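Quick heads-up: structures coming right below.
Two complexes come next, and they have one chain in common, chain A, joined by chain B in the first and chain C in the second.
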Partner chain A sequence: MRLELGNIFIKDMQFGEATKVENGVLYINKKELLEAVGGDNRIASIEVDIAKPGEETRIMPVKDVIEPRVKVEGPGGIFPGFISKVDVVGSGKTHVLKGAAVVTAGKIVGFQEGIIDMSGPGAEYTPFSKTNNLVLVCTPVDNLPQHEHEQAVRLIGLKAAAYIGEAGRNVKPDEVKVYETLPLFEGAKKYPDLPKVAYVYMLQTQGLLHDTYVYGVDAKRIVPTLIYPTEVMDGAIVSGNCVSACDKNPTYNHLNNPIIEDLYERHGKDYNFVGVIITNENVTLADKERSSNWTAKLAEYLGLDAVIISEEGFGNPDTDLMMNCKKITAKGIKTVLVTDEYAGRDGASQSLADADKAADAVVTAGNANEIIELPPMKKVIGDLKPADVIAGGFAGSLKPDGSIVAELQVITGATSEIGFNKLSATQF
Partner chain B sequence: MVKEIERAGIPVVHICTVVPISLTVGANRIVPAVAIPHPLGNPALSKEDEKALRKQLVLKALKALETEVHGQTVFDK
Partner chain C sequence: MINLTKNIQIITNNVRVCESFNENFNVIYVDGGYLDVLYAVRDRIHIGSILISHPLMGSIKPNETPFRSVVIEEKNGPVDYQSLAIIESSIESCKKLLKDRSTPDWTEKVLEDFRFLDIRLLESALGSLM
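Up next, the complex of A and B:
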């Protein structure tokens, strides 16, 4: 499967008469956008705003971040199972509005959504302070059940990203990147001497607003399976998460998974990157056992030499991570884990809820319990009040002047366990 | 908490969903629970069936408390 990603660099975002890309500026017709995303009677109102890098703006509580993309060649369309039909995506050509993002925000859905600061110390901790953000502030009707609220806002975000993505359909990309994965046996024949490496991609599926979707299917209802890496780049995996923002993968991160991109970087040179095994993180022990049995079985079946395993979230998913590691290692396959840490505010506590001696190569994305101070911002898109109740916040987090003292957990994407940020630690 | 109470000489049964974590932490008597969001219940069941499920779990835990163990034991029968 071969995908050409055409990146169109977006330097600025403005409201305008027509939705279009011109000289690196993305213009958005607000009325048309609202027509494209509206119509859900569960949502009372949607307000639209723009937040740009460097502005003194705070967006919160943030539910999802999505990159606008459009399929210009090849089967299917973006976000299969939600926006497009369920055709297999990941081949042909896709255009990306690189530097633009849709951010869904508004009344808190669950209890733990995140913060994006466009400048100041908070901006250093989130990749989404560097994107031009179209923010949709969604207000639900009264007494809407939380899961309905989550679904409605999730769909609005995807619709907005698809609507804006269309503006890139006939624009010549500034840069084209090609990603190709051969069918298993062809790949093995082409690179007979290279070690076979795959990526075990753990998806957050604990339910209660911690969910991830694959081609529209709630991933807690799958058994682990194989997916071409390029399918992910066309939106095959969508976030339904809105909890503990620091280490959940917004849809944007799935589309831009750095582990996949980096594995492609040296594919065919140092190793043969054969593909991706997706698995889940469910809430019963039987599910955890079954899913980790399957990842190990698939890794063996593919004849792998090594895998990279990334976790999403923390706490009981640490057990899924360890089970995957232990069972895959037991097949004689090398493992490297990518996770983050909840090591207490002083960093002195045990980092993960579970451990195993097979986990001897681990990459950390930072300690989510670190206390940070976010100064007041001139403009707030959304609502500051949930600062005391989002995960990482506590009673008194929100100060009278609008500043926030909280754990790093509150920042969207701060300790990304697929490495979509800059935090880590090294031991010498 | 399990370990500190046992250190004081009082036996403890840990009812928990993720048995491997309980084993890592060092509990001696472990009774597997239903699921992480609802360890001692199951919202998919009728009230009557859920009550029976809860009672069965508590009885199993009491039985575990009475059972002499030599090392970490999971009561998953």
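Up next, the complex of A and C:
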């Protein structure tokens, strides 16, 4: 399966007469956009705003971030199972509005959603301070159940990204990257001497507001399976996860998964990157045992020499991570884990809620308990009040001047467990 | 179908769970905090019960939500060491986070959100047994 990703660099985003890309500027017709995303009677109003890098703007509470993409050649369309039919995606050509993002915001439950600062110290912790963000603040009708609210906002975000992505359909990309994965036996024949490596991609699936979708299917209902890495780049995996802003994977991160991109970088040189095993993180131990048995079975079946395993979330998924690590290692396959830490404010406590001696190669994306101070911003898109109640905020965290003292876990994407961030840790 | 050969028990400090599940399940109400629920679960594991749901289910931290419901299979017999290891690690994680910051004094609206979320996570666990 071969995919050409055509990146169109977006330097600026403005509202305009027509939705189009011209000289690196993305113009958006607000009325057309609202027509494209509106019509859900569960949502009372949608406010649209733009936040640009360097501005003194705070966006909160943030639900999801989505990159606008459009499929220009090959089967299927972007976000299969939601926006497009369920044709297999991941081949042909896809255009990406690189530097633009859709951010959905609004309080869904009384806690958990995240913060994006476009400048200042908070901006250093989130990748979404570097993108031109189209922010949609969605207000539900009264008494809408939280799961319906989440679903409505999830769909609005995907529709907005698909609508804007269309603006890149006939634009010549500034850069084209090609990613290709051969069918298993062909790949093994082409690279007979290279070690076979795969990626075990753990998806958050614990239940309400902790969900991830694969081709529209709630991933808690799957057994682990195989997916071509390029399918992920076309939106086969969509986030419905509202919980734990710092280490959840927004849809943007799934589309740009750096583990997949980096594995491709040295594919065919140092190793043969054979593909991705997706698995889930359910709440019962029987589900965890079943799914980790399956990842280990698939890893063995593929004849792998090594895997990289990433998790999503805190606590309960640590057990899935360790089960995957232990069982895959027991098959004689080397494992490297990617996670973040809840090591207490001083960083001295046990980082994960589970451990195993097989987990001897671990990459950390930072300590989510670290305290940070975010200065006031001139403009707030959304609502500041949830600062006291989102994860990592605490009573009194919102000061009268609008500054916020909180744990790092309030920042969207700060400790991304697929490494879509800048933090890590080293030992001295 | 729920496996009727198993004696499913829900240990909880969430009154909404008692209201919703009391008819069909053996619900044990713990009048205490998150950590107290974990201690009650540990005590039962010590005499042979087995964990069915992970004690830290949901990514909401133990010092954020005051509510916790854990599903176990009630048994008397030898200790299940996997269950014991998981409950002990969960208690350690819970204590670590509570040491830095205790659970805030939430408004009733937020508390109701947490009760609701706890119920839905519990349903997700019970759904897996069907």
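Definition applied: the second predicted complex is superposed on the first by the 424 of 428 C-alpha atoms of A that agree within 3 Å, B and C clash if a C-alpha of one lies under 4 Å from a C-alpha of the other, contacts with A are read in each partner's own complex, and residues count from 1 in each chain.
Throughout what follows, contacts are C-beta pairs under 8 Å (C-beta built on N, C-alpha and C of every residue); 3 or more make two chains touch, one makes a residue touch a chain.
Just so you know, these numbers come straight off a predicted model, no measurement behind them.
> Both complexes share chain A, so when I overlay them there, do chain B and chain C fit or clash?
In the arrangement built by aligning on chain A, the partners chain C and chain B clash.
> Once the structures are superposed on A, label A:T279 by its partner contacts, choosing first (chain B), second (chain C), both or neither.
In the superposition, A:T279 touches no partner, neither chain B nor chain C.
> Using the touch criterion from the header, give the chain among chain B and chain C with more contacted residues in chain A.
In the superposed model, C touches more residues of chain A.
> Quick check on the superposed pair: does A:N132 touch chain B, chain C, both, or neither? Answer first, second, both or neither.
Touch partners of A:N132: none, neither chain B nor chain C.
> Of the two partner chains, chain B (first) and chain C (second), which one does A:G344 touch, if any: first, second, both, or neither?
Second partner only, chain C.
> Looking at the overlay, does A:L208 come into contact with chain B only (first), chain C only (second), both, or neither?
Touch partners of A:L208: chain B and chain C.
> Once the structures are superposed on A, label A:T319 by its partner contacts, choosing first (chain B), second (chain C), both or neither.
both
> Using the superposition on chain A described above, determine whether A:T415 touches chain B (first), chain C (second), both, or neither.
neither
> Touching A:S310 in the superposition: chain B (first), chain C (second), both, neither?
neither
> May I ask you to decide whether A:A353 touches chain B, chain C, both, or neither, giving the answer as first, second, both or neither?
In the superposed model, A:A353 contacts both chain B and chain C.
> Which partner does A:N369 reach: the first (chain B), the second (chain C), both, or neither?
A:N369 sits against chain C, while chain B stays out of touch.
> Indicate the residue numbers of chain A shared between its chain B interface and its chain C interface, in ascending order.
Residues 206-208, 283-285, 288, 316, 318-319, 353-355, which sit in both footprints.
> What does chain A use to touch chain B in their complex?
The contact residues of chain A facing chain B are 206-208, 283-285, 288, 316, 318-319, 322-323, 353-355.
> Where on chain A does chain C make contact in their complex?
By the definition above, chain A touches chain C via 109-112, 146-147, 204, 206-210, 220, 243-244, 248, 282-288, 313-319, 342, 344-345, 349-350, 353-355, 369, 388-389, 391, 394-395.
> Which stretch or stretches of chain C touch chain A in the complex?
Against chain A, the touching part of chain C is residues 51-54, 56-62, 64, 71, 82-83, 86, 89-90, 92-93, 96-97, 99-101, 104-107, 109-110, 113-114, 116-117, 120-121, 123-125, 128-129.
> Show which residues of chain B lie in contact with chain A when the two form their complex.
17-21, 24, 32, 34-37
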